[in-house]
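Only one structure is covered here, and it is reproduced in the block below.
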Amino acid sequence: MSLSVQVQFLKDKKAYSGSELKPLENYLVHHLSGSSIIGFRGPCDVAFDKMVDGEDLKARSPIRGSDMIHFIGEFFHMDLVSGVFLQRLMAGIIQESVFSLTDKKVYLRRSGDDLYLHDKKFSISIATPSVNSTLLHFAVNVSSEGTPVPTVGLNDFKIDPDVWGPKILEKFKLEIEDSFAATYKVRSV
Amino acid sequence: MSLSVQVQFLKDKKAYSGSELKPLENYLVHHLSGSSIIGFRGPCDVAFDKMVDGEDLKARSPIRGSDMIHFIGEFFHMDLVSGVFLQRLMAGIIQESVFSLTDKKVYLRRSGDDLYLHDKKFSISIATPSVNSTLLHFAVNVSSEGTPVPTVGLNDFKIDPDVWGPKILEKFKLEIEDSFAATYKVRSV
Amino acid sequence: MSLSVQVQFLKDKKAYSGSELKPLENYLVHHLSGSSIIGFRGPCDVAFDKMVDGEDLKARSPIRGSDMIHFIGEFFHMDLVSGVFLQRLMAGIIQESVFSLTDKKVYLRRSGDDLYLHDKKFSISIATPSVNSTLLHFAVNVSSEGTPVPTVGLNDFKIDPDVWGPKILEKFKLEIEDSFAATYKVRSV
Amino acid sequence: MSLSVQVQFLKDKKAYSGSELKPLENYLVHHLSGSSIIGFRGPCDVAFDKMVDGEDLKARSPIRGSDMIHFIGEFFHMDLVSGVFLQRLMAGIIQESVFSLTDKKVYLRRSGDDLYLHDKKFSISIATPSVNSTLLHFAVNVSSEGTPVPTVGLNDFKIDPDVWGPKILEKFKLEIEDSFAATYKVRSV
Amino acid sequence: MSLSVQVQFLKDKKAYSGSELKPLENYLVHHLSGSSIIGFRGPCDVAFDKMVDGEDLKARSPIRGSDMIHFIGEFFHMDLVSGVFLQRLMAGIIQESVFSLTDKKVYLRRSGDDLYLHDKKFSISIATPSVNSTLLHFAVNVSSEGTPVPTVGLNDFKIDPDVWGPKILEKFKLEIEDSFAATYKVRSV
Amino acid sequence: MSLSVQVQFLKDKKAYSGSELKPLENYLVHHLSGSSIIGFRGPCDVAFDKMVDGEDLKARSPIRGSDMIHFIGEFFHMDLVSGVFLQRLMAGIIQESVFSLTDKKVYLRRSGDDLYLHDKKFSISIATPSVNSTLLHFAVNVSSEGTPVPTVGLNDFKIDPDVWGPKILEKFKLEIEDSFAATYKVRSV
């Protein structure tokens, strides 16, 4: 394997305010070098001046949750188009995970980079460019309380967030490393 | 919408030999301009000198099927990493489609860019670079006959390939266009 | 056509201060998604801290006009070299337009990205990079009043700015779309 | 000036067959290092297997002329979009030149990368990518004889091709160098 | 030679505070256009808010020297990986220079982008990206006084900094131009 | 560490003919995935049709040696400018190694990507682009016999090639991985 993604799931809870989505945060604060993903559990409240999604900004849609599992990824030498495709792939990985972990085989609907159960939102996500890298935030609700729209959370699926978070983080890592490996073995046409 | 993907599902059956996966094929033969995906139904038999996947080449794995639905995509101004992520996203779209179209809610397992039902292979896929563009081939079995490994096909799921092909092609188009749109609306950090 | 450029000529007048030349402005304020050009009529007065052209900054050259037709373009996934060539191509398109619209066949001289009638300046322009995109500002004088150097304007050519602006905007759109189309149809060597 | 373009107008006549449009030709045959343009006078006859323009290939349009002025440019570290914009800019430079050199002020019509006098074609051009570089061919008729479509040539404009060729080559050089210089002096936004 | 690097060694001494390492500084202040390197002699004291090296930031390592020879390079259309390799190449050029200029053939040890004599540090360096360009700072001690760690300087090697600075600047220029020339003469595989 | 370079020094001798310098060779033949360097010992004889250096091709300079240590590197997602800088950095690493391993402290002169002892050539090298990757060949003489120009080899320095080869390969690996690491820790300006 040639590119490896550093990952770490933080033991302590931590709030997400949007200001964490910036270049080198994973390195300067969490000491991961290179392309990396940090996972953690905590509430979410993004002020408008920290909101990077123009669609949310225009609609003045609050981004909030009382208890979520967050992932912040920084990917060097990767463009934004790749970042967006990756984001949606991550949504797919979570969709598969919830399906396989629930007794009733809960099948979330993916719409772009969002996951829903019927009309209840399960996740939020954004991919954004910086001079250094492409950055991703992906978060899913643990609890459906404190959210500005109707939501569903891991609690509703009887999934233990503290077990699930680190496991899904590992799946993200493998998917990305395996995808890069696929670029090293194909003849051009 | 700023980037549009041209798509066409061919009315006539057509064999896939691997030589179709080359730059400008969709333009020169099928008259689609720009990033595009052609879909068609037909058998598949890729000779070793047309095989681009180094892994298959090393293993001398035959690539063959008596009846498949094929998609050949050409994407300009897109790098290979994006192409690989897109390939896997397409696998996810097919996975969702089979789930929603089957009475018993068949849930295919995605492993990289491949889809399986238990250990039976449902699809083949490759992404490869050219000087002009990134090219993708994605194909799923209609019939499980004539394949070098145990496979499953659309027939096993009671899905009509001639209805399904054009519909999934449309979903690919929307996913890609929507992903590009996501790169146009985000503030940098 | 695979890449389309969204364009809109604003009905209301609007002043240009330089601060409009920033990423996502066309999306956040004018609701155009993707590569786009906004056109409008209005005065121009760019403060030194909003000036991006280093040459003007060093010379402390004021950028001002009492009545101009402005175009602000944002182009995603395009590098600055392309942006500069495009800027000059836009100057050429304007040059052709003035020639064909004037009875006396006024032939403006293009010098880099500037257009002149003899030594009178007709236009101002800049191309600049952002993390998201390449941005362009191109503006021509309607009136020659209120400019810091001798100028000529559409009024001098008896060209109605409110008719001309939307028409030239359409020509820019076609030229860019057609140029991208040219990248989709050529075999590599 | 940071990037310089090497140019040379060949003293001897030389036929153009299409096979000259390949990477390193200007270096290996004409000893120009780096981004460069070779100019020469000679007939033109491009066989179908050397034709890179997919549009011509599909239409089986012959590319032929008995006497033309040719320019072959190779540009390193430049993408195809830039190459296409540059091609059209070169068309504009030739348009200006013919206008200023003719007593009757002949104004050629530019349509994409082609120049016409009414419906008579004056020029041919293509931009194509290689692994090393972006390559351009631009040629204008000296004589209108031997062409597969109605054409017009420098002879019709009383322009001496042997004087004109080297001069326009110098103008191309200056335009490209000046365009690159424009990318070195602008603040990002 | 196709790409030329503009260089200038300043006659007057000048302090380095870190704020000089920014896009267009060499152009706006020193009037060099395009890829360029400025050299000068002076003290160095970089405040933490101007420090770009995350490693130094995390360790809160002061960057200071009473008398140094500085080089500030700005390279357009060059990515950060190239910038880092170039930085280390520059370290190698300095290593060769000190070896050849010292009677006792002092052989500095290069560790990444740093040069040492035994455990005494001789140089500091950083490469950083901007929207416009890749920027480099490379500096060597003249005197070993006033540095936060044990250092060695040109004085210890009996090398005249005012003669050495301009000479090494010229060597940097030639190495970079020659390296770019190497990209213009090789057939692809 | 985020990017790792796979390296392997072959146990058996192997001739180098130039045809080994092609995309995926290290993967298809030697089973290294991703950016990689293969080292081996053997003779060298590159036929003109396998020669990629245009300078050698023009001069019809034979590339030959009876016994050499070879390194073939393939680097994905790296451009040619980086490849050339890396090549020269590798020359510097070899220069340091020979200096430190010889009793008399032999100091090779580096000129571009070549190493010399006085006027005797010690090494050959080339960097070349492919659609997939940037490829490098670097080789040093073991014996000075059978070379078309006066040469010097590891034998002349009493350096055991079979010990030296694997060690220098490890140094290349560390230098490249460390250089990539340097791109992950720096704030943009």
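Residue numbering begins at 1 within each chain, and the chains themselves are lettered A, B, C, D, E and F in the order written.
By our rule, a contact is a pair of C-beta atoms (placed from the backbone, for glycine too) under 8 Å apart; a residue touches a chain by one contact, two chains touch by 3 or more.
Quick caveat: nothing in here was measured; it's all calculated off a predicted structure.
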Checklist entry - Looking at the contacts, which chains touch subunit B and subunit F alike? => result A, D
Checklist outcome for this item: For subunit A and subunit D, the contact-path distance works out to 2
Checklist entry - What's the fewest number of moves from subunit E to subunit F, given that each move must go to a chain touching the current one? => result 1
Checklist entry - Between subunit B and subunit C, what is the gap in Å from one C-alpha centre to the other? => result 41
Checklist entry - For subunit A and subunit B, what's the span in angstrom between their mean Cα positions? => result 26
Checklist outcome for this item: Where subunit C touches two or more other chains simultaneously, the residues are 23-24, 27, 54, 57, 77, 81, 129-132, 180, 183, 185-188
Next on the checklist: Once you draw an edge for every pair of touching chains, what topology comes out, line, ring, star, complete or other?
Outcome noted: other
Item to check | Inter-chain touch pairs (all) | outcome: A-B, A-C, A-E, A-F, B-C, B-D, B-F, C-D, C-E, D-E, D-F, E-F
Item to check | Contact set on subunit C toward subunit B in their complex | outcome: 1-6, 23-24, 27, 33-36, 76-77, 130-132, 180-181, 183-188
Checklist entry - Mind pulling up the subunit E residues that touch subunit A in the complex? => result 54, 57-58, 81, 129-131
Checklist outcome for this item: Per the touch rule above, subunit E residues touching subunit C in the complex are 24, 27-28, 31, 77, 131-132
Checklist entry - Within the complex, which stretch of subunit E touches subunit F? => result 21-23, 51-55, 57, 78-82, 84-89, 92, 95-96, 99, 105, 107, 110, 112-113, 126-131, 135, 175, 178-180, 182-183, 185-189
